[in-house]
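In structure tokens below, several structures.
One chain, subunit A, links the two complexes that follow: it is found with subunit B in the first and with subunit C in the second.
Let's turn to the complex of A and B:
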């Protein structure tokens, strides 16, 4: 008779590769808070000036700023992991040659930098 | 001497696996497989384990070394001077000592039709039929290096949670044949690969690729197949088959 072992709830604590994976997946938690904050902002805008100003006050609270800073770091970490996986999932072939993963990773970071640059230019002087 | 702990399972003696320690002499070239053979020949002839080629080609001797799936012929005692724990490959039913039941793995391999499926030949010149350019070969060559050792299944928590998941090696092999210019069997493979047991159960933990002794990168193959599965769904949608 064969013996079957069950996967325990703590399976991911057994190896650093699993811990790194769980950390990558957990980046969604602070991002969820950011999305909730933004949804609240849109709702406050719809409710009128007083609500909008109250929302702005909440957004300036140190705890909210800390959580949203964590969300920024988490999304950058997630992007870092994602950008490394991307060339493996969608290798790009030009003729007989496959584009180097380093080029694809650099191109994705260039994309991030240009989006940040675009928003910095759009909101220049507003902050 | 190294202290080698081995998780043993003797179904006629106990209902659960138990650990047994052995003191094994070693030098710079002693592999774990050499040590297992030493134990079986000199210390305990009842120890059971699989092996064949001793050079990481046959894929028979997979075991967990300190919780990490490895080929026992490719791991050396010199790197484990603090001692080691050997266990049978994780996520598969244990038959006896270090021997696991590979049936689930083999059934998944078989299910994806891992062989060339030909279109009827238009020409009678069969010597021409299987010509392939280096560029066509390069598309799938990496994924054809799998030796069916099963280490990726022991590394995959999704397979551990759901043994119905086709798993890294089977999905990689399906992708390997789908990418082969000589193959016409993609339409026959996709219906199974589009199910929940196909690549969509993979969450890209990526550890299967870390442990692969042949650098096949099954995680890449599985996730490339997600793209193919999505494309196939769109094609079926436009054809009115969904």
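Let's turn to the complex of A and C:
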């Protein structure tokens, strides 16, 4: 009879690499909260001006602000792990040379920065 | 293995495609969305009036916004929650899958319906 080790629910606490993996899995929890609040925003916008203002007040509630700040950090952590994976999954070749992973990672962060730039441009009147 | 079992199709490629597309959106579009809509706007640093918001959202841009910022990240989140629960040894795989993707689908349809109603209005 062969020996089979029992995996417990806390297996991932035993090594820092497993903890990092579970932390990355957990980045979607504050994201989930953010998505629910955005869905609520879409509904409020459809309802009209009063609901829209009520939604803005809810978004300004300290607890909501804290959870969404955690969501921001989680999204950046996710981006950091995700951007490192991309050059490994999809190495890009230009002729004989393979594009350096550093270039691809930098290009992806430039993408994040340009979306922030796009939002800033959309809000330009109010900044 | 019988011929029938070999040919059984898996839904996994669909969930994986939604997961990876959502992962890109989570990394690229979500940080900016949080900074502006969930932090700067509620703190009063930037303003977004009802007329500005509804004009912009109930146009073609709103459809792109809903897809890239709500629907795809939602399927990404559900996929990770599903696998996270598996890692925590939650055994009810079929139930978790049905509830997760069911919820993501319903919420996506609701958001897209409100966009469509506003767009047609």
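Methods note: the second predicted complex is superposed on the first by the 126 of 127 C-alpha atoms of A that agree within 3 Å, B and C clash if a C-alpha of one lies under 4 Å from a C-alpha of the other, contacts with A are read in each partner's own complex, and residues count from 1 in each chain.
Rule of thumb we're sticking to: a residue touches a chain if its C-beta (ideal position, glycine included) is under 8 Å from a C-beta of that chain, and two chains touch if they have at least 3 such contacts.
Here the structure is a predicted model, which is why all the values come from computation and not from measurement.
> For A:105, is the partner it touches subunit B (first), subunit C (second), both, or none of the two (neither)?
A:105: touches no partner chain.
> When the two structures are laid over each other on chain A, which of subunit B and subunit C touches more residues of subunit A?
Of the two chains, more subunit A residues are contacted by C.
> First (subunit B), second (subunit C), both or neither: which does A:12 touch?
A:12 contacts both subunit B and subunit C.
> Touching A:23 in the superposition: subunit B (first), subunit C (second), both, neither?
In the superposition, A:23 contacts neither subunit B nor subunit C.
> Should A:90 be classified as contacting the first partner (subunit B), the second (subunit C), both, or neither?
Only subunit B; A:90 stays clear of subunit C.
> Using the superposition on chain A described above, determine whether A:2 touches subunit B (first), subunit C (second), both, or neither.
After superposing on A, A:2 lies in contact with subunit B but is clear of subunit C.
> State which residues of subunit A lie in both footprints, the one left by subunit B and the one left by subunit C.
7, 12, 25
> Spell out the part of subunit C that touches subunit A in their complex, as residue ranges.
23-24, 26-48, 50, 53-54, 56-58, 66, 69-70, 73-74, 76-77, 80-81, 83-84, 87-89, 107, 110-111, 114-115, 117-118
> Under the definition above, what is the set of subunit B residues touching subunit A in their complex?
9, 11, 15-17, 67-68, 90-91, 93-95, 101, 134-135, 138, 157, 160-161, 203-207, 210, 217, 219-220, 223-224, 226-227
> Using the touch definition from the top, list the residues of subunit A that touch subunit C in their complex.
7-9, 12, 22, 25-29, 31-32, 34-39, 41-43, 45-46, 48-49, 52-53, 56, 59-60, 64-65, 68-69, 71-72, 75-76, 78-79, 82-83, 108, 111-112, 115-116, 118-120, 122-123, 126-127
> Which subunit A residues qualify as touching subunit B in the complex?
Interface residues on the subunit A side: 1-5, 7, 11-12, 14-15, 17-18, 21, 25, 85, 88-91, 96, 98.
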